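You will see chain A twice below: alongside chain B first, and alongside chain C after that.
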Partner chain A sequence: MWGRSASFLLDKRLRDQHPSLSSPSSSSPDSTMDPNPNPNHGVSAYYQTRAEHHAIVSSDWLAQAQAAVDREDDTALMERPHASAAVSLSASKPFSVIDEFNYWRKKPDLAEAVAAIMALAAVIRSCEATTMMELEIELKKASDTLKSWDTTSISLSAGCDLFMRYVTRTSAVEYEDFHAAKLRLIERGEKFGEISMKARRTIAMLGQDFVFDGCTILVHGFSRVVLEVLKLAASNRKLFRIFCTEGRPDKTGLRLSKELAALGVPVKLLIDSAVAYAMDEVDMVFVGADGVVESGGIINMMGTYQTALVAHSMNKPVYVAAESYKFARLYPLDQKDLEPALHPIDFGVPIPSGVEVETSARDYTPPQYLTLLFTDLGVLTPSVVSDELIQLYL
Partner chain B sequence: MDMRRPPRTVSDPKVRQVGFVTPSGAPPTRSLSDAPTTVAAVASAASASSPPSGEISLPGSSLSPVMIPPPRHASSDGRPSAPVAVPNPASSLRRESLRIRVGSYNASEVVLGTPPSASPSSRTDNAASEFSEETMSPWHGRSGTAKVASSFPGSTSEMIVMKTGVGGGGGAGSTPKSPLTTASVVKTLPGISEKEREVLMGTQNDGAGVSKTLKEKTTKAERRAVQEAQRAAKAAAKEAGAGVKPSAASGSAVVANTKQGKIVKPPSQKKDGPQIAPPSGSSEKKVVDRPPEKDRKKDVPAPRMQFDDKHRVEKAKRRAVVNQFEAKNRVELFRHLPQYIHGTQLPDLEGKFFQLDPMHPSVYKVGLQYLSGQISGGNARCIAMLLAFREAIRDYSTPPEKALVRDLTAKISSYVSFLIECRPLSISMGNTIKFLKNRIAKLPDTMSESEAKYSLQSDIDRFINEKIVIADKVIIRHAVTKIRDGDVLLTYGLSSVVEMILVYAHEVGKQFRVVIVDSRPKLEGQVLLHRLVAKGLNCTYTHINAISYIMHEVTRVFLGAASVLSNGTVYSRVGTACVAMVANAFRVPVLICCEAYKFHERVQLDSICSNELGDPDVISKVSGRQDLNHLDNWADNENLQLLNLSYDATPSDYVSMIITDYGMLPPSSVPVIVREYRRENLWI
Partner chain C sequence: MPDLQALVTDFVLKLKRRKIEGSQATAKQTAELLRQVVSQQRMPYTNQASVLIDAVRAVGEQLIAANPIGELSNSYLFLAVGNIVRRVLHIIREENLSSTTAAMEGLGLTAGSDDDEGEHEDRPGLSAAAVAAAARSTLRAPSLQTLLEDIPESAVAPHPSSSGGDSEGKSKSADRGSRSKKLKHDVIEAINELIQDIDTCHELISEQAVEHIHQNEVILTLGRSRTVKEFLCAAKEKKRTFRVFVAEGAPRYQGHVLAKELVGKGIQTTVITDSAVFAMISRVNMVIVGAHAIMANGGVIAPVGINMVALAAQRHAVPFVVVAGSHKLCPLYPHNPEVLLNEFRCPSDLLDFGEFSDCMDYGSLGGSPLLHVVNPAFDYVQPKLVSLFITDTGGHNPSYVYRLIADYYSADDLVVQQNST
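Moving on, here comes the complex of A and B:
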């Protein structure tokens, strides 16, 4: 049965290509050839960032910290660029988007898409192009580098696309003066940080209406937007309780429960496999999203799909909170159709030899299992996502 | 003939736009019985007397080209009479003169007999109204007028009347008046009561006046006054005909026509678009409602012929170039579809090749290729048609005293209706024709003929290139990203774009296997199988009976489509729905590959209301199995009906993704594409 599965072949091929993936412990730095080395082996950069933002002291975290020590030279490199960004015009060291991006994404509260846009804005600032065309070409190069640097991050590529779209639409025709146009673009890029914060607030305003007194909400994974919604609902004196899934392997549920408990919201923690058990009591499911794809489905932390399936089969609404810059022109047909984002799993015990571990960190939830999406564009049904994307990109 | 007609028209005129409808407001004096005879006589006379002139314009083509299997009827209806009765949409100048003439020739025409006198007025009225609102797309206007004619059961006689009217009324008509037709007109006269004639006389001037005021963009107050006058006139007319059974006898058409322009108008209007006004009130409504109606007309597809209406079909057949033999033992549920067997009349048509001067040889050739099934498949048919039109345009020269824009549109329309006779249009062809006609209509007046022809030809080239060739390339590029190594791809039938995808994916070195599912009677999959195997792909061939077995091992289903409708329904080769449904049940993603020019804003929920019927004989026989003779002579058995459908509708639930030149979309986004891009891209 499994033999005919294409995914098996795919996995096998993947393992053949990257022998290091199958053995997470051996992190051999093969970065000599790569000018922009992806510093994390076996861990998707996206999840690495998340881990740093939502840090929880756990065995995973300790392991990561250990890994971070190993990569110290890399991080040292990362600290530098911002300082250099300003001087890079004159400095001999070539400007690197990746470094810039890494600088931005270290900031807490800054979404990855925003970091990407900040990095691209920095590219504009430092670039020596004299025409709009040159600038565009340079930006295109930079965004391609960024995207290829971490192919697993959806919001990174969505952010790049979004900014590129903005640049091409704001072509020189509108602002004849090239410098004015350039300044405009930089300004726009920098504004994006604010926009992302504002988006979160908008979503919170929209989403909190759906929380009613006495309801029980199941939350899977840690999402800043979902937290914002719940915070606002709590501050509006709504009485509700939260079921938090544990969120293995990075235990994001623990972090969420900590934050909610601080707000005085009653929280119950569940292990991930207790979702179906608890679903009877649940009135609605709230999840965030790593990316919202063209079909209207979402890509999110592992376990979202099964949570949505259980909720769907018990006729409970599933609400997704996501900023519109997470909308990506992707269309996965099934789970294996995604660029796998890997995340090592700590099972606490040594894994028997010859046993494979599924390390993919996220899954795709098809639109038919989602009820509504709370976005800064409004509360949307999944099918509207494609509408918005078409208007944005075509 | 008319038993079912009056209630239908009266009860819901909106649905029944096809309109064999005379408003009950103008009931005829003539008895039912003499109508058919007159019609027949006239028809034969007309067909005998009207030579195929260069001016031939088939109103059938004027049906919105989008409809799939439309209007054999319309075309055929107008066909013999068209050369005579429907002069090509003339310039407004000419119309003006026509209208004026009506007034001036009143007296003499009255002497001649009422019908001729009034018909020009009604005609011009129609024309004026049509064109004033439809200047942008003349063929719509044409359709309007044409359908006026066709809408009356006795349309032929009506048309003759027009002819005499035009011919007698100053020689502006392009064809000479024939004695035969006059005779037939006279024949119809006795049926008209004196009373009516009086009314007619009284109101005729009104009619002319209305059209005039209409032209001049009246103020509101003026229009109101006109309406009042009309209402009064109408009331009078109603009274006049009150005693008569309100049937839509053929005579009524003539009478109505002759009587007042206004009364004729309602049916024409109704046909043009959705008019909510009841037949009785429509004449005034029409004047008021002009601008909104114009908009609405654009939205609403033209009526489609219902082939279960015997009389329309009769007429259609009489006028058709292609001799169509009716299939026996029709399936009740599908009686409204054209019921013809293709292919049998091929030799006959081939013989006619040199006789049909109005048809351009390349168009004729393409028509025959459709008929024989040599060209099939949405893209192939579309390209063949466009190339034929291109040649026709290249060889075209505007006849003296004609405008290129209008005459060429009429010409294209006549070609289209010929092609429809050969095989009902596909949606893609409809969209293409719409594009072409729009290009013609938008030609600037200042352009010289050669320039215009050149620009049209390059438009056609560009359409083929951008909307089909390049679109396919884009689709292929998108689709290949969804093929992974180790995949098992299933396809059904023969789709050109799916074939290209598979070949390209193989060329770029993807490792996959193909399952080709096929079905009787066309067995198109064998063609695909042959081509793919020749290219070195690993293929499995099976029939649709084995679909549930083979689906276990499939990882992707790639299907082509004849059209994608705006509710996400995929309209495609019959059997596609079955494949998609099974794939959905097995949780295998179904990818539909379809160029965006095939999208259509229509919504269809089933495969019944619009479809194409194939030859029932081909499903009754199995080649190579002489022993399977149970269905020999099946046509003799009244209780046996064979159904050979050509298309079916796949609900959007079974479709995971639609791959178009605009990218990969969920089926729910089809209306977005239609809305955002149809107008600007297709109509440029």
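Moving on, here comes the complex of A and C:
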């Protein structure tokens, strides 16, 4: 499935030479196996994962996936010793935190932050430190490696930071025995996957309360948490209908509408530009979040800011469903204050040379346009986020 | 307890018949009733807290269930009842936790050694201090700090009694006996403090009046709120000179009563109609109103007409201040049907039956008259329209309300009714 974006670039290159589309060849490197994403691709690894998890399966994609898998076997053997030499303390250990992270990230149900914490737990398991200080230093190194590997993902760095804080706090007073402490850390890290599933269930329970009979909900982007909320509301026999934005170019609307139609919920697809047109009939807007920043604003798929602005001007509430481990210590002052995360956009026709394309994949929505945040810590107003972060870090 | 049941039904009847005036009296009587419940409850040796919690919950459910949604014209009093029930439940949990942590820390090393045997193999080497700290965190609202921690329910309450039960024998049982009395005693003391807080909320709020009302200011209010009255009178006593515009608050015209009371204290007062608020708001420095309830998002349930005043104040950039005791703080959100559905009062307040009897006659014209009269009792004011909340704990932003809720209520108690929807 990695072949999706790689093949697009291949196709583009081929198209530049020949006007007809041809099937992918195996020459372009796959950026997910590199320790650093190839900047020439202009593709953020984070958004690649999302594409991998949720791509609609079609026959040519299957073919691309097969080609990609063949490529991976070749590159993996070449890459692995290189990666492990870079990150592990001793050259003989084949353990690589990046590999571990990638392994966990592939699972479609697992959030990015959870994969990071699982990877860090695996680091603890395989490390040879005998004191807390050594362990913390190794963890810090692994965490920095992960963060530098994909600088654009906010929940990744938030997850790493959260686990580091937990390790520092736990080690301080409470454990007399190092091995006991180590076991406990590993156990908690590995249990984090469960915690994240529990978090989604809590959020679903809180969020479905706000769905009333006969309401119309506008959803932007494909968030597994929002889907969980809607699933629970549907199973509680609430009658509501959904407006889905198309979500170009990730096709989030198509994916989401497929899931919701399976639940028997009436869905209407809108093109992204039709949001203001349809906002009259809408009762509330639901979005997920890639990250929640310190001001209480959110970072989410491109188009969220727009939707929130329209909703605010028409007095419709905007509800965000996000797990608490997505709270990050960032404070963007404007849209350009974030790490650029780019993804390829297919216009269907070749773009003339000299014409630029805005390929940023996400935007920042300031807190004044958000009404409430549904998190596993409860239903919060945006001002609570900085409070929680302060409690954690100070 | 038939005695207790009689008290509860008596209280519910009083509420329904509007024999209790205002939310302060309601809150106080609810707290006193619950204090009775707690003191009459027989306490077993183990699981005392859960027994108390169940007892209080049962009474709470009865009280809240007595208000069929939307039928009574004083449903905000039932909100106050619900608040106090949840406060008492939170008090029980807190007192229980502080007594068990004290006991655990007292047990010290003995608890640690008991831990290693039997049940707690999954947590080797945890010191008693660690368990206590973790147990404390289960009571606090969930936060990022505790996200990764995992303390099962069994770590709290029954733990000290079960771990020490067999080994320590008589000394422990005597200790436990005194602890059970202590829990009840602590809870009753805390409820007494709560009752005292409810009693003195007006004084505490009025003390802050001088900071907010300055010399030669013009204040606007609507209707009559006892808290606002005492607030203004306190400022007057501190020798502030100011003027008050009182909007009469149709259709009950309580504003007239307030105007008379203010004049009695020597405050220059002007009476205006509700419709004149927009016209006069530009001459006003500050709006001060009371509330029936404060919601978890910072929104306000207030007498009808106050939403209009809030909008006028926002339009003219006039600070909109809400004064309310902390017993009015409700952990529910406005989407909740308990809160959302408005009350409709008697239409005769608006139109005299005598004159309009033929228009409103259900007997003629095929049973459906052309003239309807609607008399809603409440308004919901959005949090973004409120500049400041003045409660007995001080002045707060609407976005700070979540903190007060976390201090006074536990997340487990938000749904008091068991078999709803």
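Quick note on the criterion: the second predicted complex is superposed on the first by the 314 of 394 C-alpha atoms of A that agree within 3 Å, B and C clash if a C-alpha of one lies under 4 Å from a C-alpha of the other, contacts with A are read in each partner's own complex, and residues count from 1 in each chain.
Here is the rule we go by: contacts are C-beta pairs under 8 Å (C-beta built on N, C-alpha and C of every residue); 3 or more make two chains touch, one makes a residue touch a chain.
Just so you know, these numbers come straight off a predicted model, no measurement behind them.
Visitor: Per the contact definition in the header, classify A:E294: touching chain B only (first), chain C only (second), both, or neither.
Guide: So A:E294 only meets chain B here.
Visitor: Decide which partner touches more residues of chain A, taking chain B and chain C as the two options.
Guide: Greater contact footprint in residues on chain A: C.
Visitor: Give one of first, second, both or neither to describe whether A:I242 is in contact with chain B, with chain C, with both, or with none.
Guide: A:I242 contacts neither chain B nor chain C.
Visitor: Please work out whether A:R329 is in contact with chain B alone, chain C alone, both, or neither, and reply first, second, both or neither.
Guide: First partner only, chain B.
Visitor: Go through the superposed model and pick first if A:S383 touches only chain B, second if only chain C, both, or neither.
Guide: It touches chain B and chain C both.
Visitor: Under the stated touch criterion, which partner chain does A:L392 make contact with: chain B (first), chain C (second), both, or neither?
Guide: Only chain C; A:L392 stays clear of chain B.
Visitor: Residues on chain A in contact with chain B in one complex and with chain C in the other?
Guide: In chain A, residues 383, 387, 391 are touched by chain B and also by chain C.
Visitor: Hey, which residues of chain C end up touching chain A in the complex?
Guide: 122-127, 129-130, 133, 141-145, 147-150, 296-298, 333, 335-336, 383, 397, 399-400, 402-403, 411, 421
Visitor: What residues on chain A touch chain C, complex-wise?
Guide: Residue list for chain A touching chain C: 162-163, 165-166, 169, 173-177, 180-181, 183-184, 187-189, 191-192, 195, 209-210, 212, 236, 324-325, 327, 372, 376-384, 387-389, 391-392.
Visitor: Which residues, counting only chain A, touch chain B once they are in their complex?
Guide: 4-6, 8-10, 13, 294-296, 329, 331, 333-334, 336-337, 367, 383, 386-387, 390-391, 394
Visitor: Inside the complex, what are the residues of chain B that reach chain A?
Guide: 482, 484-488, 553, 555-556, 589, 591, 656-657, 662-666, 668-669, 672-673, 676-677
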